[in-house]
Structure formats: C-alpha cells, structure tokens
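Next up: some structures, all given as structure tokens.
Both of the next two complexes hold chain A, though its partner changes from chain B to chain C.
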Partner chain A sequence: MLKKLVAVIAVLALLLALPALLSESMLNASVQMLIAALFATAFALLCGQAGMLSFGHAAYFGLGAFATVHAMNAFGGDGLLPTPLMPLAGAAIGLISGLGAGYFSTQRTGTYFAMITLALAELLHALAPHLKEVFGGEAGISSFRMPAWGFEFGSTIEIYYLVLGWTVLCIALLWGLTLTPFGRLVLGLRENSHRLKFLGYNTHALGTFVFALSAAFAGVAGALQALNIEAANYVVLETQVSTAVLLNTFIGGAKVFFGPAIGAAAMTFFGHVTSDLTRSWLLYQGIIFMLVMMYLPRGIVGEILARFRGEGGAVNPVAVLARFAGILVAAAGFVMAIELTQRFFSTDYKAARQAGGWPAVEFAGHMWAPFAPLTWALPIVLIAAGLGLVTFINRREARRQEAQI
Partner chain B sequence: MEQIVFALLNGVIYGLLLFMVSAGLTLIFGMMGVLNFAHASFYMVGAYLAYTLQPVTGFWLAIILAPLLVAGLGIFVERFVLRRVHAYGHAHELLVTFGLSVVIAEVIKMFYGNFPVDYSVPSDLNFSAFALGGMEYPFYRLFMGGVAVVMFAVLYLMLTRTRVGIVVRAAIYRPRMVEALGHNVPMVFMAIFGIGAFLAGLAGAIAGAFYTTNPNMALELGVVVFVVVVVGGLGSMEGAMLASIIIGVMNSLAVGVNVSLADVLARVGLGDWARETGGILTLQLSSLAATLPFFLMLLVLLVRPSGLLGEKE
Partner chain C sequence: MSRDILVLDHLCKSFGPVEVTRDVNLVIREGERHALIGPNGAGKSTLFHLISGNYKPTSGSIRLDGDEIGGLDPARVNRRGLARSFQITNIFSGLSVAENLRLAVMRRYGLQFNFWRRVTHLRRVNAEVDDLLQKIRLTAKARSIAGDLPYSDQRSLEIGMTLASDPKVILLDEPMAGMSHEETEYTTDLIRDITAGRTLMIVEHDMDVIFTLADRITVLVYGEIIATGTPQQIRESARVKEAYLGEEAG
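And then the complex of A and B:
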C-alpha cells in the first residue's frame, strides 16, 4: 500500500512539473495523452470491470465535446459555467445519453451488446451531418475560452493544468469507485451476472447505471478535448475514435485499473512522435493490438504486473533481454518492409513514375530501389533473425524448466 | 407506380446482397459462437481483389478467383489467429477479429489509397434488362440478385441434402458429440469459416463493381450487416434472410419519400410550430434512409429482444 502511495505521489509530482520540462509541442501532446488516458479509463469501467464490450464510445465522447462547445457559446459567448467547470456540461450530457443508450443496450449481453453500442454510435454519426444547428455541419462549431477565476486560459500551460486537474480528479473518482460495494457489484456483473440476479440484484438497472457512469466520464474527456482545441466537429463521432480507445484500452490491459490509462498515454505518445515519420501508424496500432490479444491476453501492463506477482515462475533476466532484443530486430525489419511498401504504393510514387522508370525511395536515410534484392532481403533477414532468436530462447527456456522439474 | 416497382426490386436485390454477407456471419456465429467482426472486411477484400485481377484475367475469372482467395484468407485467419485465442473466451475472439478488421482496412489503404478505386461493371454486362414506363432497369442488378439466389440454393441443398451437410448441422448443434463420433470438428469449423468468407468475398466482387469500392465499404456494410443479424436473431439463417430483405426494401423505399415529421404534424395542425422548431422535425425521410435500420433495430430490441426469429435466451 505504501509503495503504491509513493508511486502515485511520484507520478503526480512528475505530471505537475512537466510544463517546466517540456517544449510547447510536447506539452500539447501531453494534454492529448491525458485526455486519451481519461477516456480509456472511463471506457475500461464498462468493458474491463463490468465486462461489457462497447464499440461505440465515440458517441459519448463526441456528445461531451459538443455539449461543452454549446455551453461555452451560451449567453452570447459568456458561457453557461466558468471555464474551469465546463467539463461538467460534458459529464451531464454523457450521463443523460448514457442512461438512454445504456437502457437499450444492456437489454442484451455479450455480442449483442457490442453490436447495439456500435449501431447507436453509427446512428448518431449518420444523423449528425443533417442536424446543422446542433453539430454545425462540415465546419463544426468553434468557440473560445473565457477568462475565469483570475486565469486567462490562453496559454498551453494553463490548459495543461486544467486538463491535468480534471483527469486526476476523474481517475481518482473512478479508482475510489472500485473500492466501494458498488465497484464490487460491477465486477460481479462481469464474472457472473446470473448469480447476481439470483442474489436479488437488478442487473439491468446496474448495467444501465455503469454504462451511464462510463459515458459521463467519457463525456468529461470529450469536454476537455473541446476546451483544448476550442472547437468540435462531427469527426469526433466517427468510428476511428471508438476504435482508438478500444485498441488503447486492451493494449494496456482492460482488467488492470491503470492499464488503459498507461496504454492510451503510450499509444497517443507514439502516435504523436511517429505522425511525421509514417502514414501507417493506425496499421501498426492494429497489429500491436492483435499481437497483444494473441500473445499477451491480459494486456501489456497486466502481463507485467502478473510477472511481478511471480506468476509464470522465476524470471530469467538474460532470457527476457534476449527476447526483447529479438522482438526489436524483427520489428525493425517489419517496419522497414511496411514503410517501403507504403512508399512504393503511394500516390507520390505514382506521380514520380510519370517521368518513367522506377525511382528509388528514401527510408531511414538511404535510398532503396524497388527491384534491388537488398531492398527486400534486408527486412526479411531482420524479421527471420529476430523471430529465430525469440524461438531459440523460448525452446531453451522450456528445456530448462523441464530439467528443473 | 413504376418507381415503386423499381424501388421494391432494388430493395430486394440489395437485401439479397446483405443476406449473402450476413449468411456467412450468422452461420459462423451459430457454429462457433464467434461474431466475426472482420466478416465485412472479407467483403471489401473480395471487391479489391476482383478489381486487381480483372485487367489480368477478365471479369468472369476475377469474380471466381477473388472469392477463392478470400476463402483462403478466411481459413488462414481461423486456423492461425482465432484458434489461438479460442481459450481466452468469446469476447477475446470478437476483439481479435475487430483488430483484424482495422488491419485489413489499413492494408487496403496502404496499397490502394484512401479513396474509391475505379472498379465498374464491364461494358458487355452494362445494358438494360427491361424498360417500364420509360425507365430502364440495369441488367447487372438482376445479375447480382440471380447470383445471390443461386448461391443460396446451393448452400441450402448442401446443408440439407448431403452427408457433409448433416455433419455440419450436427456440429453446430452438438460439437462434442460429433467429435466423439469420429468427425474432425475443427476441420468442419475451418471449412465453414472458409465458405462464409467465400460468400462475403463473392458478394464483394460482384457488388463492388456496381456500388463504390472504397476503404470504408467494409464498415458501412458491416454495421448494416450487424443490424441485420441482431434484428433477425443471431444464429438464425431464416431470420437473417427476413431481416435482410426488410432492411433492403425499407432503405430503397425511404430514399424516394420526401416526408418529414413536420408534414405529419401538419395533419394535426402543428406544422408551423414544427417548421419553426426545425432540427430533427424538418428532416426529410429520404435523408434519414441510412439511419432507418438502426431505428428498426431499437424497435425490435424493445418489442422482441431476441430478434424476429431468434430463440429466447
């Protein structure tokens, strides 16, 4: 417990000190990371703790964003609430829409539930362009932050602290929720809802309420996003938003409380860093997600925690390092193959070919010709070497464990 | 009058196409309990493969080869991806196929770009089948409907009249018993997955030429197919058929109707108020056509949560 407390305080101190350490653009990325972390944690309340897989959480995120923009524009721009309290508008609309959507979707469980959430989100996404007054059509709705409580809310630093405050508060609330009897009931809903029903609990009402809570916190995340960019567009209702939060949550580990937040922050960070380098970030994210689902079913954070608890036997640091090196080498080869393919099939390349011939493309500081053997041999050799190393270590470890028994 | 006939015909044919995709989905679900999120992606892959093969092999060979390749992809996915995560439960399988759909969409974008490709009906099939009241009806639509009907006749006969069909149906009903009787059930599952993928790929190869072929087609169709499956009742083939046709006809009829809630309210004298309020009250039904399936789904969930022909939970 003490260890946890120290860790939490250390992370908080680091987050508070960040504006002094980072550049403007990295601070902006940190704001995005915090929002993604809050969104993923809210999402995990539903899909990790209550075991209800939602494919349409963009709806509540987006509604929160639009509600906030409308609240900011209310009374001729004076705002419904002082700027720091704006996310309450997002929370309110998230809660209300979550109650409605949750009532329908929790009629069914499992796969049906997932399909209904997807359909509800698509319904909103299909309606939004037609409702110009509410969603602002193609252009979206913009607004600006009013000064309040002696702050201008003009600089990135001020908005960083605002977002940090809300994110920490909401994640703390969600954490507190897991400690209450209600939090235990939510876990019961995941593990055995039939039994809960037998014990006399109203599982439909419980499910609806969990859904609404999750939607409310997602709404806060959407509100923070709207405050950050001072606008909202119906793009936030698109499936990509739902997809991103789902991938982030499960890459981190949906059933560990801080897994989703860490996963979302890490993925957003990588997305930001690689956005200048690659156009295929979503592809990598999808592949990472599939690999995590296939080989690390508890998510990256979940598996690391399980190792710390001593599950799966003693850890041999040399083997772990060797595996890690093998994966890195294979990943390098794979990224190279993908990036080269992407460049050879891009529209830029088609334009370059108009001049005739098959020009080489630039990757990692070198030029690669499309039909040179080395261009394709190098990634293949890297992938084979990396995977070979991992397989070799796995076999050796398996033999060692057998010998011990 | 002619318009209504045409709209009905279009609707039924669109419904048949929907059924072609949802049949495989519901078959796989009934058998393995896996809702394959990537199923609509197979539809998209079918369209893109046919588009790629067409210049080399010609249209006819392309629409046969593309679904076969998609079936191969389906078998690969079942054998090496789904079977691996089977032990972690159904939610996990759903998530993996969801990840797969993301990866497939991104790979398609990588090779073909994030815009529609020029895959169109070959010119020797691009003629009108008949004319009614001065309007011509494209032959290709009838062709799509015909292929769908033939596929179903074959599938139905195979499932009900052959020995293989008996094993398959038994494997859906009692997989362990069938395994105990010495049949290779994982093999049957793999084959069914392949057939489902083949059907989706065929639908894509044929429909892609008529509708647009773009990287979003999987998602657009996928959502409707999931609605079909929920409305019809998961795992029920007849339900999927019924729901497909209903949604197809409903969609194509709604496109031609320019009525808004305000017009309805005008009948009871509230028209002016509704027009002033605006928003959802003045939206034309035709512009809402894309959202109608979702409303139907919500209605079905309220009235009959297990779907039109689904069994009670």
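And then the complex of A and C:
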C-alpha cells in the first residue's frame, strides 16, 4: 500500500516537473500521450473490466471533441463554459450517446456486441460528412481557447497542465470506481454475467451504465484533444482511432488498471518519435501488437506484474537482460530489413531509377545498394544472432529449472 | 397446514419436437424439503431452469407465493425470493472466493449502482460474507481465486452464493456431485441447517442424502412425474421401484 502511494506520488511529481525538463515538441507529445492514456483507461473500463470488446470507441472520443469545439464556439466565441471546464461538454455528450449506444449494444454479448459497436461508429462516420453544420465537412471546425481564471491558455505549458489535471482527475475517478460496489459488479459482468442474473442483478442496466461511463470518459479525452488542437475534424471518427485505442489497451494489458494508460502512452511516444523517421509506423505497431499478444498475452504491464507476484518461477535478472538484448538486436535487424525494403519499393525509388541503374538508399546514416551483399546480410545476421541468443537463454533457463525440480 | 409456496400447474417445455417437461403438476409447501429424483436426462435440471427463469415454459404456469413467475427473467425471480445453484459450477472464476460471495450478498442492500462507497467498508455486507465463508468452510481460502479451488470447494461456494440472496425458496441442483464422503455428510448437515425456515427443492443422485434430508420426494421420469410422496411412500411404491429405484438396486 505504502509502496503504491510512493510510486503514485513519484509519477505525479515527475509529470508536474515535465515542462521544465522537456522541449516544446516533446511537451506536445506528452499532451498527446496523456490524452491517449485517458482514452485507453476509459476504453479499458468497458473492455478490460466489464469484458465487452468495443470496436467503435472513436465515436465517443470524436463526439466529445466536436461537442467541445461547439461549446468553445458558443455565444459568438465566448464559450459555453470557461476553458478549463470545457471537457465537461465532452463528458456530457459521451454519457448521453453512451447510454443510447450501450442500451442497444449490451443486449448482445461477444462478437455481436462488438459488431453493433462497430456498426454504430461506422454509421456516425458515414453520416458526419453529410452533416456539415455539425461536423464542418472536409475542413472540420476550428475554434480557439478563451482566457479564463487568469490564464491565457495560449502556451503549450498551460495546455499541458490543463490536460494533465483532467487526465489525473479522470484516471483517479476510474480507479476509485474499481473500489466501489458498482466497480466490483462490473468485474462480475465480465466473469459471469449469467450468474449475476441469478443473483438478482439487472445485467442489462449494469452493462448500459458501464458503457455510458466508458463513453463519457472517452468523451473527456476527445474534448482534451479538441482543446489541444483547437479544432475537430471528422477524421477523429475513423475506424483507425477505434483500433488504435484497442491495440494500446491490449499492449499495455487490458485487465490491469494502469496497463492501458501505460500502453497508450508508450505507443503514442513511439509514434511521435518514429513518425518523422519512418513511414512504416503502422506496420511496426501491428507487429508489436502481434508479438505482445503471442508472447505476453496479459500485456506488457500485466506480465510484469505477474512476474512481480512470483508467477512463472523466480526471475533471473541476467537472463532477462540477455533476452532483452537479444530481442533488441533481432528488432534492429527486422527494422533494417523492413526500412530497406520499403525504400527500394517506394515511388521515390522508382523515380530515382528513371535516371538509370540501381542507386543506393540512405538508412541509419549509411548508403545501401540494393545488390550489395552486406545490405541484406547485415539484417539477416542481426536477426539470426538476436533470435539465437534468446533461444539459447531460453534453453539454458529451461534446463536450469528442470535441474531444480 | 402450511401454505403452498411454489405451484407448478400443467407445466410443459419442448425443445423443438422434443418434450422435456410433460404436464408437470406439483405443489411445494412452505418450509418443506423436497427432493427431485429421476434417471439421467429425466428433465430435473430443465424443471429448475423453468422455475428459476432460465427457460420460458412452453405452456402452463409457475406460481411463487401466489404470483405468476413463469417466463419472468432470472433476476426478477431471484428478487422475489427464489435462488438456485447450478449442476455445472457457475461462479465468478476470476474473482476471489470472498468477492464471489460479496457480489451475491450485495444485491439485497441495493448497492447495484453505488459509486461512492468502498466495498471493503461495507460492514454488514462483509460480516455476512464472513459468516457464509465460515458456513461453507472456506474462511481460510477467502482470498483464493475461485477458479483455482478444488472442485468440491467450488461446489461449496456454489451453495454459499445461492444462500447469499437470503431466499425463501432454494433450488439446489446436485450440490454434492463430486464431493467426498466426509464433505457430503458435512454438506448434508449444512443444507439442513441453512434451509431451516426456508423451502428447499433439491436434485440429488445420492439416495442416502435424499432419504435423510427430504420431507417429500418427487420422482421424474421422461419429463413426467410418476410419484410424489414421503420417503416411506416412495420407497414402497412399486411404480418407482420399477422405473427408477429398481435400476439402482439392479
């Protein structure tokens, strides 16, 4: 308990200190990480805790964003609420639309539930371009933040603290929820909704409400995004937004409370760092997701916690480090292979070849020719060496454990 | 003469062309312990599913304390004072034993939509949970994950959860299946204790349990009631011997 408290205070202190430590661009990335973390935590209330996999959470995130932009533009730009309270508009629209969508979708479970959420989100996405008044058409709707409570809300630092405040508040509320009777019933819904009925609970009402709460917090995340970029565009309603939050949640660990937030923050960070370096970020995201699901099915945070609890035998730190090194080496090889392939098959390269010959391409500060042996030998060697090391360590550890038995 | 608490009237259930419950008429009196026996596939569990709201009757009526409950959803039936256990263990496998019982107890305190109290601070709920844990002899395993328990402990938990709704009428579907001899004896006593002042319907294959526990017995064969009576009457019924008990002996 004390340990947890210390950890929470340390993280909060770090988050409060960030603006002093980071560049403008990294602070911007941090704002996005916070928003993604809140969105994933809200999503995980439904998908991790209640066990209902939604494929359409972009809808509530997006509605939150649009409601906020409209609230900011209300009264000739004076705003419906003071700027710091704008996320309440996102929460309200999330709650209301979540009640409606939840009422219908939670009448079914499993695949059918997922399909209904997907259909509802796609419906909204398809409708949005036709409702120019509401969604602003191709250009979207822009707005701008009014000063309030003595703050200008003009600088990244101010918006960072605003987003931080809301994210911490909402995640704290969601954490508090897990400790209440309703929070526990939500787990019961996931574990065995059939049995809950026979204990006298109205599982449909429970499901609808947890859906609405999840949507309300997703709406706050959307509102924060709208506040951050001072605009909303119907691309926030795209399927990709729904899948991203789902992948982030599972990469972090859907069933551990802080897993989704950490997963989302990490993936957003990687996205930010790599989007300038590579065009293949979505591919890497997919590969990371696949690997996590195959080898760390409880998600990264979930697996780490399980190890701390002592599941899967004692941890040998040397083996862990060696495995990690092996994975890094192999990953470097994979990245090199993918990046080179991507470059050689790009339209840019086609254009370059018009001049004749097979020019070399740049990767990691060096030039690589398509038919030079080293160009392909290096990634292959890296992959083989990395995987070889991991396999070697795994075998040795397995033998060691056998010897102990 | 006590009241009739549960009345089944011309109750029928078919799955497509298959008639699983055929014109069942049965009156359960308040306070009695009533056993339902019959060969495998006789439709005992189906009858429980009908009474508890899991299945809707094809025709006929079910009255609980005078009110029609046939076709009501399971939650409503439970809130009218009828709780059941399942033949196939039906618990919250991923949650702790205490949490399983807490979910079962909480409903009566109207906490379904409570967002402000901490479950660990619900004094009366938790006291009830502790009491139930003791009764089903799982106090030492309160924090274990229910799905990790040995099968017989899961059966006990199943009984505890059924009892947790403090029902007027309890339906237990083969509660002792898979228990050891000692556990069966203990559980028989437990069931007798906890059903004092309530009404019990129990499906069980263990004849010793039936004959020690039951005030009356109903024999179901191919979805039809072939006899209802005291244990003495059932033991002596030629028809029952032929249809059911005879098989057991032979």
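The criterion applied here is as follows: the second predicted complex is superposed on the first by the 405 of 405 C-alpha atoms of A that agree within 3 Å, B and C clash if a C-alpha of one lies under 4 Å from a C-alpha of the other, contacts with A are read in each partner's own complex, and residues count from 1 in each chain.
Please note the rule applied: contacts are C-beta pairs under 8 Å (C-beta built on N, C-alpha and C of every residue); 3 or more make two chains touch, one makes a residue touch a chain.
Computed from a predicted structure; not experimentally measured.
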Chain A residues touched by each partner, larger count belonging to chain B or chain C: B
First (chain B), second (chain C), both or neither touched by A:L127: first
Partner chain in contact with A:E191 - chain B first, chain C second, else both or neither: second
First (chain B), second (chain C), both or neither touched by A:R353: neither
Touched partner set for A:R400, first chain B, second chain C, both or neither: neither
Chain B versus chain C as contact partner of A:I116, first or second or both or neither: first
Complex interface listing, chain A residues touching chain C: 177, 179-185, 187-188, 190-192, 194-203, 205-206, 209
Contact set on chain A toward chain B in their complex: 51, 53, 55, 104, 107-108, 110-112, 114-116, 118-120, 122-123, 126-127, 130-131, 133-134, 239, 243, 246-247, 250, 280, 282-283, 285-287, 289-290, 293-294, 297, 338, 341-342, 345-347
Touching residues (chain side chain B, partner chain A) in the complex: 29, 35, 81, 84-85, 88, 90-92, 94-96, 98-100, 102-103, 106-107, 110-113, 219, 223, 226-227, 229-230, 234, 278-280, 283, 287-288, 290-291, 293-295, 297-298, 301-302, 305
Chain C residues within the chain A interface of the complex: 52, 54, 73-75, 78-79, 83-84, 90-95, 99, 102-104, 106-108, 111-120, 122, 161, 164-165
